[in-house]
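Per-chain residue numbering starts at 1, and chain names A, B, C, D and E are given in the order in which the chains are listed.
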Amino acid sequence: MVKKVLPKGRVKKNSIKHSKKVGLPAGSLVHIGERKAEETRVTLIAYDAAGIDETLLETPAACRECRPGREKFWLNVHGLHEPEVLKEIGRRFNIHPLALEDILNTDQRPKADDYGDYLYLVARIFDYHPETQEISSEQVSFVIGENYVLSFQERATGNFAAVRDWLRGDRGRIRQLGADYLAYALLDQVTDRYFSVLEQISDRAESLEEDLIENPVAEQLTALHQLKTDTLSLRRAIWPLRDLVNTLLRSEQRFFKPDTQLYLRDVYDHTVHLIESLEATRDLIASMLDIYLSSLSNRVNKEVRALTVVALIFMPTTLITGIFGMNFQFMPLLADHNGFFYALLLMGIIATSIGFIFWRRRWL
Amino acid sequence: MVKKVLPKGRVKKNSIKHSKKVGLPAGSLVHIGERKAEETRVTLIAYDAAGIDETLLETPAACRECRPGREKFWLNVHGLHEPEVLKEIGRRFNIHPLALEDILNTDQRPKADDYGDYLYLVARIFDYHPETQEISSEQVSFVIGENYVLSFQERATGNFAAVRDWLRGDRGRIRQLGADYLAYALLDQVTDRYFSVLEQISDRAESLEEDLIENPVAEQLTALHQLKTDTLSLRRAIWPLRDLVNTLLRSEQRFFKPDTQLYLRDVYDHTVHLIESLEATRDLIASMLDIYLSSLSNRVNKEVRALTVVALIFMPTTLITGIFGMNFQFMPLLADHNGFFYALLLMGIIATSIGFIFWRRRWL
Amino acid sequence: MVKKVLPKGRVKKNSIKHSKKVGLPAGSLVHIGERKAEETRVTLIAYDAAGIDETLLETPAACRECRPGREKFWLNVHGLHEPEVLKEIGRRFNIHPLALEDILNTDQRPKADDYGDYLYLVARIFDYHPETQEISSEQVSFVIGENYVLSFQERATGNFAAVRDWLRGDRGRIRQLGADYLAYALLDQVTDRYFSVLEQISDRAESLEEDLIENPVAEQLTALHQLKTDTLSLRRAIWPLRDLVNTLLRSEQRFFKPDTQLYLRDVYDHTVHLIESLEATRDLIASMLDIYLSSLSNRVNKEVRALTVVALIFMPTTLITGIFGMNFQFMPLLADHNGFFYALLLMGIIATSIGFIFWRRRWL
Amino acid sequence: MVKKVLPKGRVKKNSIKHSKKVGLPAGSLVHIGERKAEETRVTLIAYDAAGIDETLLETPAACRECRPGREKFWLNVHGLHEPEVLKEIGRRFNIHPLALEDILNTDQRPKADDYGDYLYLVARIFDYHPETQEISSEQVSFVIGENYVLSFQERATGNFAAVRDWLRGDRGRIRQLGADYLAYALLDQVTDRYFSVLEQISDRAESLEEDLIENPVAEQLTALHQLKTDTLSLRRAIWPLRDLVNTLLRSEQRFFKPDTQLYLRDVYDHTVHLIESLEATRDLIASMLDIYLSSLSNRVNKEVRALTVVALIFMPTTLITGIFGMNFQFMPLLADHNGFFYALLLMGIIATSIGFIFWRRRWL
Amino acid sequence: MVKKVLPKGRVKKNSIKHSKKVGLPAGSLVHIGERKAEETRVTLIAYDAAGIDETLLETPAACRECRPGREKFWLNVHGLHEPEVLKEIGRRFNIHPLALEDILNTDQRPKADDYGDYLYLVARIFDYHPETQEISSEQVSFVIGENYVLSFQERATGNFAAVRDWLRGDRGRIRQLGADYLAYALLDQVTDRYFSVLEQISDRAESLEEDLIENPVAEQLTALHQLKTDTLSLRRAIWPLRDLVNTLLRSEQRFFKPDTQLYLRDVYDHTVHLIESLEATRDLIASMLDIYLSSLSNRVNKEVRALTVVALIFMPTTLITGIFGMNFQFMPLLADHNGFFYALLLMGIIATSIGFIFWRRRWL
């Protein structure tokens, strides 16, 4: 178990931390990943068309004994570093040890597993930090039953605050619809978050693109590489998210009723849209590397050419000084009173002509 | 809601503006995108084999109450910035809030959604502006019911003027055929527009190609990159358009009757043709970058070589001046009356020989 | 309609001429493409096991009224610039306007459309012109009915002369077999033509390859690019041709009887073989660009290196002239009678040594 | 048969040793591969909920006659160089000659073959050796019957020690579950091992990445190439492993009961996760080559530029010495007492100015 | 028909010789390809569990009349340049003209065609010639009937000698099993041959790889290209071979009985293994080109840098000679008795310092 509390983690490019569990039998509950929350908070929101009750469950035991007073309810957990809490929730809702293991294991690949009585979903939520220009991501798991939704997050991110508000005010008739609609609303929030992150990556890419053409410098290569790595991280989360939603759409309609299916299809369209935008951004970034390399090569060539031309200007002038520096006894001009100045004039004319020729050819 | 009215928008490479809606429940009617039309215009064209009536619906309420006097009708909307109009049409035709949301959200990916009573289609129309050599695109949505077609455009583009004329003159027996044939005719217009745009992009690519081989300059790289981005934009619109038409073809023949299916298959062939031409253009552009880079490298190499050769010509001549500039007391030629000219002659011969050798080897 | 008669057209890389028809309703008969034939010629070959009758139909009206006297027949049309002829044939054989439109529109993508009573096939025939090293292509359409085959070509190419001969002499029992076997024979001729063209492209590629390694010059890049564009043109015609034959094989055996299916499978194998050879040629061409670039870079590097070495030889010799050109009052050798020659000797020794060192290292 | 005993073999990039068997009829038992174990060890672990018996079978004959006293058992073989042992086991368990051949042939591709009475699985286990930074791999085969599991390894690696411990202590109720759960547990150990290896490769890649950007040297290219080859080896083992597990999941549930299927699905998710991490690492490595090349080119360009600038500083100063070295009788300054120092001063000013200009432009 | 007898043909990269047949009706028996055998040899091996009879059929007519005295038989033909022999065999076994045509046409793509009474298979056998480091390939066809196998080879290669030996000695009970097992054994020999060839290509690639890193020379590029072309040839033969075996496995079990299917599955695994090894080798080769190019660029850069440094050493020394070569009347040191040596010393110090600085920076 990790002890250090980190406020928010930078996305590791290849978070393969599974190895910590090597040698443990299947279903062992161990938290794998950084501890991102100070403490574990379990909130229970019971609701129906008539009203809504919100309770904070303070002890693990309270989780096991909770009996919501209304038709539908939503249990939300922040902070996954206390396996004990998970164990109690698992007992209360009869969750399979493998599902509990996946909830605690925070480098899961997005997927949907059908356990008969409930559906287990796991996805990633991304955040973009403008000040550091970095992205971070967290795992969020859902357990969707007949009349309830359980959600598990690594820390309080405020991602689901909007849904909580809709429930409180019954906006969009959310309280009148089933728990499947609540699950949809949460999933929709997860998907929407990708749009913001992708938009910011795309903006960074376009502003970098303009810089690249005008003034290629070595730092841009690092920025490009960072962009590439970021899109790669997003890609690894969005593609399986699309498959997840597609699985929900194509599977028998036990958990998501036909009415909610329409909304799920909308989420599916969003994931497809995200994937296309992401791939377009990746294409753009790939083509920016070509531009960077040819701009760089173009600029360096220009510089070397300019320098060579300057060298060419000095060559004939130096030759003239050499000629008049020879020790022949009989040489023209040497005895001339203005010979020296004639020579200088000659050098000046030659240098100017060469400079002019190359300037005309735009080589300078 | 966007206030500024833009006559026609340049295609943003990655128009991800979805984020504006984050935090709103599903089905909220908000116009997302640039406002491109001054005002919203709703026209109703009711027709049957006998005749045609055209009406301009002036208020949102008129949309709700419209009762066309003929068998089939076409309702066309220009300008999407007034959600109120959409809401009234939605009420009149019983359109699902998600479909209305998609109509207003002008960065939709082309798709076809079956809502039971009607079919919702969304596509993009492209325009090429020769003066700026830029392409722009707009979203067009269709709602296809049993005996009606609703179309929604961001602004009046004149794309459907031809169809209106056919209806007026009953060319191609369009008034005698069902509303599904009208829907086909409109979709065909959308597809045809891609041919013009692609033809112009292809022409630009071919003229750039000839330039590239003859005289590679840095500006061409930017033009190439622009072409690449344009084909990318087209690609993102055509591929899903093909899928859209394919969906219509493969789905049960509720909205498109067998006779119209033949025509739809023709549209499908066009989209496949478009995709192949587009991919060929993209291949051409990719291979042009290779040509650009090697032409550039070829030219720079030639220049550096030419310069080096010139430098080589000056080296032996300068050596000769150095030799005759040495201060030995006993040196041949120094006392000779023509020694200076012999030396100059020697230099001339050497320079000419070197120049000739390299000229023979085509290095100059 | 295009007025100019072109003997044979060079393949445009991206022949998107569809835009000429924008704004016309579906089924409008307009010839799109270059006019390649002087006049339209319609020949009717009626045949059965007993004999063969050949007739030239001179007027459009004759097309409508033709009643062949034998069991099976083949109607061949050269020259597509007279829509009137097509219209009459369409009336006679009850051909759908969309099929007629596709026949006239000579940039069709190869495809097979089933119209119930007949099958409509469209493909491309390629020609290689050794004198210009260019390839050209034409569209050929077939309408295959129960006991007839109609073929439409842009001009008389002689591609089907062999089939006509087989019919006349009943070689391979072609007259005894059905019209489907005739259709197969024609399709086989089309496919065989690709082998010749591909063979020539492949030969060009291999001879270019040998040149490239030995002596890379800038012209080869253009040749390579031309080869690439040619293979791209072929590719765009062969892949859909394979799909076309595959469609015929997999569809219900209405037009092609089981016996002929065996022969069709042979044509299918040929198209697969063609595709693999083409892709191998494309791979070869792609790898030739790498060779070209590294050979070029290799050669330029060698030249620059050689030049630099020559420069290095002159440097120490020039330094020696400089040393003996200094104006010190007390310098060794200056007063020596052979000092000058000693200095020259020293220069010679140094220059020779450097030259020898670099020659040993194979730098010269 | 190979005689030399190698402690652990380095992964050959392309271990194609199949050719040794060319000319032998199918089912010939010959050990192909390196001999990695000193001697063959056969251990029999019989277990049920009540207890566990462990026996070491010392002779080949003992293998044929073994009758375990408990419900389920696991027979493990280390060392595959004695075909005789395999033959006896094959006789006892009625194993098909082709399966025995595959067990001995240690360059098998991971696969699952259903032989009716039992399932034959073959996979690879990878090891990473930190001291040499190399990876090695071994083949492991399983024969899974109704109530038994046979496992065959090239040498004792300790990979299954954990499973043996669980059996001894009945951790995770492993003794109470069927032989299929034991097979799952072993397969899970194999999969987990990949995580460690991939994590280490990924760490190496990331540390190399940082080096690359800061200080590109030629050795990194070899390291990159080694990384690429290692990921290629892993890839060739993981992709078919995923197919293997997928086959087990999709096939009829004869060997793996529904309860165990859930666990197999977990293994499947792990293989998918592995593949994605691996592909991400490969992407990273591919993009590192680009960085390496541009960093290298950047650095070399900087150096050549710096050198050229230095050359430029010496050119005008040398020109001045040349000018004052000319032999004109009338030249200014020559007779001046401080002329020499004026000239030196001039040279100093020029050199400093040029140096300053280029320093300002960051060229030095 | 080709007259020249070639002992063994080098693989043409793109053997498209189909064009020779253009204009002939389907089923025309013409040998296409090089004539590789002196004479056509037809051997008949009749066998059953009891014994084996071997006969050499000397005339074409003997082929038609052969009536083997045992249950199963194998007819093997070497040399395909005599269509007459094929025609007689075709008549005897009732083989379809298209199959006979494919046997004679020696650039067939590997495939399996089901003709109802018999199965027609065609594949390629590869050979590696160590002395020339080239690979060659030949076509081998099989006709598999109920109780017989016909095999057709271009020349006697000894590839099937092992199978003949097994038949003679009844090794692996081959005589007791059906003709389908014989067909499997022959196919297995064909597949095994690929392993040897691929192993040798792979060895060549690995030895070239080591050379590349240590000492990149231009010849390696040609070797790399040759390797690439060879793998391409293999690839074009192995991929369809896998499809062929897969077809046999998935088709109804008319020709291959369930017992033999197990063995066919083994052959299938081999082809998959071959494909993966081949693709890995191709990856290796592709990555070697990168290494070659960067090694080359690295080495050239080092050389140019070394040369430039040497140039830099001569510049300041030449400047000093220039300074003391100026003609000022008042200059220090000139009158000094050791001035000349002081100047030389100064030059020496400067040159040594520069040399030392660059040596420290590892530039020399």
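The criterion applied here is as follows: a residue touches a chain if its C-beta (ideal position, glycine included) is under 8 Å from a C-beta of that chain, and two chains touch if they have at least 3 such contacts.
Because the structure is a prediction, the values reported are computed rather than measured.
A.B. asks: Which chains are in contact with both chain A and chain E?
C.D. replies: Touching chain A as well as chain E, we find D.
A.B. asks: Where the centres are mean C-alpha positions, what is the separation of chain A from chain B, in Å?
C.D. replies: 28
A.B. asks: Where the CA atoms of chain C average out and where those of chain D average out, how many Å apart are those spots?
C.D. replies: 44
A.B. asks: Pull out every residue in chain E that's touching 2 or more other chains.
C.D. replies: Residue numbers touching two or more other chains: 297, 304, 311, 318, 322, 325-327, 331.
A.B. asks: Which word fits the touch map of the chains here: line, ring, star, complete or other?
C.D. replies: Per interface graph, the chains form a ring.
A.B. asks: If you go round the ring from chain D to chain E and onward, which chains do you meet, in order?
C.D. replies: Starting at chain D and heading to chain E first, the ring runs D, E, C, B, A.
A.B. asks: Could you pull out which chain D residues touch chain E in their complex?
C.D. replies: Residues in contact with chain E: 13-14, 16-19, 21-23, 25-28, 96, 98, 107-109, 111, 113, 115, 218, 221-222, 225, 228-229, 232, 236, 289, 292-293, 296-297, 300, 303-304, 307, 310-311, 314, 317-318, 321-322, 324-327, 331, 333-340, 343-344.
A.B. asks: Would you tell me which residues of chain A are touching chain B in their complex?
C.D. replies: Where chain A meets chain B, its residues are 162, 166, 171-172, 174, 184-185, 188, 192-193, 195-196, 198-199, 202, 205-206, 213, 262-263, 265-266, 269-270, 272-273, 276-277, 280-281, 283-284, 287, 290-291, 294-295, 297-298, 301, 304-305, 308-309, 311-312, 315-316, 318-319, 322-323, 325-332, 363.
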